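The data blocks that follow each hold one structure.
Common to both upcoming complexes is chain A, partnered first by chain B, then by chain C.
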Partner chain A sequence: MQRISSWLPVFASVALVCGVVMAPLLLLLRVSLYEPATGRGFYTPGTFTFANYAIFADSHVLGIAGFTVLCGVAVATMVLAIAYPLGLFLCSLPPRAQSIAVGLILVPKTAGLLAMLFGLQRWLPRGMLATIIAEVYLVLPYSVIVIYIQLLNLDPTLRDAARGLGASPWQVFRRVTLPLSLPGIRLAFQFGLMWGLGAFLGPLFLGGPSETTLAVELHRQAFEYGRWPLAATEAVGLLIVVSIAAWGVPTVAQLRKVAHS
Partner chain B sequence: MIRKWSIALLGWGAILGLLAPMLHTIWVSFSPDSFLTPPTNVWSVKWYLAYFGDRRWIHATSQSLLIAGMAALLAVAASAPAAWSLGKLTVARQRLLSILLLLPALIPPAALGFGLLPLVYFTGLWGTSLGLVLVHATVGLPIAFLIIRTCLPAKLGELEAAAAGLGANRWEVLRRVTLPLLTPVLLAAGIAVFVLSLNESLVSIFLATPTNETLPAVIWPQLRYSPSPMVAVASCVTALLGMIGMLIVIGILGYQRGRLIAKNTTAINS
Partner chain C sequence: MSFGYGRDLVVNDVSLSIPAGAFVTILGPSGCGKTTLLRLLGGYLSPARGQIFLHGRDVTPLPPNLRQVGMVFQSYALFPHLTARQNVAFGLEVRGRSKTEVCQHVDAAFDRVGLSVTERDRFPSQLSGGQQQRVALARALAFEPPVLLLDEPLASLDRHLREQVRLELCRIHRQSGVTTVMVTHDQEEALASSDLVAVMQAGRLLQVGPPRELYDRPRSSFVARFLGDANLIEGAQLGMTPKSLFLVRPECVRVGHNWPGKIVALNFHGADLVADVQCRDFTLRLRTRAIGELAVGDKIALDLPQEHLWEIPAEGDL
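Right, the complex of A and B next:
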């Protein structure tokens, strides 16, 4: 009885995530194992084959996977390079200006997503650069918030102490602020990588034919060609790449260990 | 001094750079003709009039508002008890629950959208608003959970214990202590989900049908293949609705920070 009542409050949210996130992912796995449709329909029911996964040996799909990874790494790196200084800048503002600035950073992403994409489309000719820039616009706001919260939570007395002990502002940054904010940097990079790998809106609205990511390709397979098993296979491939990014980016502790060995 | 000013210039410049594309779209939406060049001499609201005179846009707008409202209610109702009870779980379970509830924000949306396609189809939710409400609520779940978890009043547990000690039963504690203290936070979380839902394009791209299409679902094909000032107007309307919501969230969270605890502590003491 005790156990049931302690799980009751989390039931609804867990049920939603299981029903709307987990179930579709399992379904993707199953659909990726059907044979493609021969006549009508989106796949051949009642079949079971691993043959679809052969597409990852295909140079066309490999190229798309390669661009997906390139896009993810480029976006995550650029986002971090902008988000970290911006986070420092936010922290240096007075409290009232801070909340205004945070609001302004979040507005285009949360409130005006489509208006932002429309504006970018007017300015940038479709292509690789436009795709990456659009994705940076899409990922940056959340990454800034991640870093900003991390920096806000640093104990300000540590910086004061370092200053009192005679450190220059640069030394304070290099020896106190930067090392203490490493977990936030890692988290922001990791999220940036995961969101950048899943890039869909950027390449869809600002990419040309050669800026196709796995996400855009699976949308095309599903809706333009109606080949669900192939689309599902590409979706599974994308999920694997994102999972590698989620678990594969080493933690700060691991990096330290490597540095000291 | 020069250094300080140049930092401020760079920082605010970067923020302006983030806003610039959206501002450009707002500018274009006042275009007097059907070109995509921003108006200089003559500004006009004719595209706005056309927008509000078009049944398809009106239907999409009301559909968007309806789905966003329901999704916000559902997301808050589901995530609030979870965020509230998080502190009562073991550390390992806290971690597990947090990761699980953040999952909808970390899964690549295109994979999620396509995975939902057969699911929605098989469960008979195809073309219904209910299907979109469930999906939008789940996509908004992480942000609602994060907002509520971070903004839980610091002394909530103590106040609840005090009320229980004074003889209140569980239901009275919930109704007279927990809910009043949480209301502003729940409101802020709900509006945040509402705003996100209005702009939820990724999943809509995969699941929209003519009967339940939301604003982004009508906007995106036109944005991709035939952008027009009308599309600019539609995305500006979405942005405007979203910005009003965001202002309310920021207002509530800012107000919440200081006043509430003090006020309720005195109310309970008196």
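Right, the complex of A and C next:
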């Protein structure tokens, strides 16, 4: 009895993953393998085909995929460039000020998403920069928190020890703080990358015609043109790109191996 | 110097002179400010008042990296992302020493603390507590600082290892000649290792002196009690000057005939026997080689040899 009850949470989570993640994915895959519907429904039954995947040879779609990757890398890089110094700054504050500052960083998240985007729209002219800034703005609080917590968990006596051994503040940062915060850096970068690859609202509200990401494009295919199988195909493509990004970011151990060789 | 958080002084008007090459122990109960004093010496804290001189040079405004003081932290504070060797090389590398020089010094430091070759390329997480401590010690010694600070270096080691490491610390101190300041709350450690012991209580330095002097001739009842078992008897009870306080160590109490009493407690420690004897209106503790057949309730008479009676100066008493 006890054994079964201890496995219960595992079964529950497996069921949840299957129901909420796997089932829609399989459905998506299935829809991508049929011709678009001519009348009602998502696709034309009985027309099993791989033809939809030919869109990835199309220069228009390739251009969109290219911009999507660019958006992901740009968002991740910018997020890291802002979040890491901000995390360092937060950690340098006295404890009481830290909790106030963390609260302030999270404030934008309490405003509605649309309110934030309309606000940005008033200040930024539509274009690539505005698109990327919007996405950075949306994901930044999470990334800052990730890095802040990582830095907060570093043992302060390690920095003291480094100082005592003769390291200047910069050497302490480069040789102790930075390498020990790599896991947080990796996580924040990965986070920004996946967020940027899936960018939807930023390009929609602040992008021009050339700032179309795969997410915007597949939305258009589905809801404007009603071509669900093509939208599903693009969604599968996006899923593959995001998965590669998620797995492709080197782990800290791998980075260290490279650094040592 | 003095140091405090807010209005509470953690280190209160402490003045201490440490001879070059000495092994000095700062001894005190937890919370007495001894670690704070050590951190002040290392430059990790700045005194609110006062100055610190190293070889005649005022180092008070210098940050830790410019002080040339090696420190072994209580938690060892080894860099977890570096191997033992890289940890020890750290202090030399940040000083821009050449690769060959770093290698030589690192190996010499490892040899000095006795860390075997196979363990030198392991990460701290792969080493035992005792080995980690050796690495921390080697790291603090590798750049050859004139002063070494040790914060409770034996506290996290188990009992049998503690004595061994203590002896090694003494050996390393003898061989390197580095001025060593150790902080501990263990009076046995302090008495056994040091040239000088400084006893602290509530932020103040109560007494500084060689272990023997502090043990035999304490200037306050606190020091008398903190350094070991103590019989503290008021003068009036001994028929001497009232208001005076006398110390006699339990091992100096003799079996005799002047102070008849009754044994109220008896503890056998192997090498010796500790008996609490109720004499008139005070209790005397007697530590002696196991003598005959004694039992609680037995009558016994004790002597307090005059040469072992130490009068604690009244003004030093707390």
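Going forward, the second predicted complex is superposed on the first by the 241 of 261 C-alpha atoms of A that agree within 3 Å, B and C clash if a C-alpha of one lies under 4 Å from a C-alpha of the other, contacts with A are read in each partner's own complex, and residues count from 1 in each chain.
Methods note: contacts are C-beta pairs under 8 Å (C-beta built on N, C-alpha and C of every residue); 3 or more make two chains touch, one makes a residue touch a chain.
Given the structure is predicted, the values throughout are model-derived calculations rather than measurements.
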Worksheet item: Once the shared chain is lined up, is A:188 touching chain B (first), chain C (second), both, or neither of them?
Response: neither
Discussion item. Which partner chains sit in contact with A:132 here, chain B, chain C, both or neither? Use first/second/both/neither.
Written reply: neither
Item to complete: Return first, second, both or neither, reflecting whether A:200 touches chain B, chain C, both chains, or no partner chain.
Response: first
Worksheet item: With the two structures laid over each other on chain A, which partner does A:147 touch: chain B (first), chain C (second), both, or neither?
Response: neither
Discussion item. Going by the contact rule stated at the top, is it chain B or chain C that touches a larger number of residues on chain A?
Written reply: B
Worksheet item: So, A:158: does it touch chain B (first), chain C (second), both, or neither?
Response: second
Worksheet item: Which of the two partners, first being chain B and second being chain C, lies in contact with A:168: first, second, both, or neither?
Response: second
Worksheet item: For A:242, is the partner it touches chain B (first), chain C (second), both, or none of the two (neither)?
Response: first
Item to complete: Jot down the residues of chain A that show up as touching in both complexes, chain B in one and chain C in the other.
Response: none
Worksheet item: Any idea which chain B residues touch chain A in the complex?
Response: 7, 10-12, 14-15, 18-26, 28, 36, 74, 77-79, 81-82, 84-85, 88-89, 97, 100-101, 103-104, 106-112, 114-119, 134-135, 137-138, 141, 145, 192, 195-196, 198-199, 201-202, 205-206, 215-216, 219-220, 223-224, 227, 231-232, 234-236, 238-239, 241-243, 245-247, 250, 254
Practice prompt. Going by the contact rule at the top, pick out the chain C residues touching chain A in the complex.
Written response: 42-44, 63-71, 73, 75, 77-81, 90-91, 94-95, 139-140, 143
Worksheet, complete the sentence: Per the touch rule, the chain A residues reaching chain B in their complex are 6, 8-10, 12-17, 19-21, 23-25, 27-28, 31, 82, 85-86, 89-90, 92-93, 99, 101, 103-108, 110-123, 137, 140-141, 191, 194, 197-198, 200-201, 204-205, 214-216, 218-219, 222, 228, 231-232, 235-236, 238-239, 242, 246
Discussion item. For a test of understanding, state which residues of chain A touch chain C in their complex under the given definition.
Written reply: 155, 157-158, 160-168, 171, 175-176, 179-180, 256
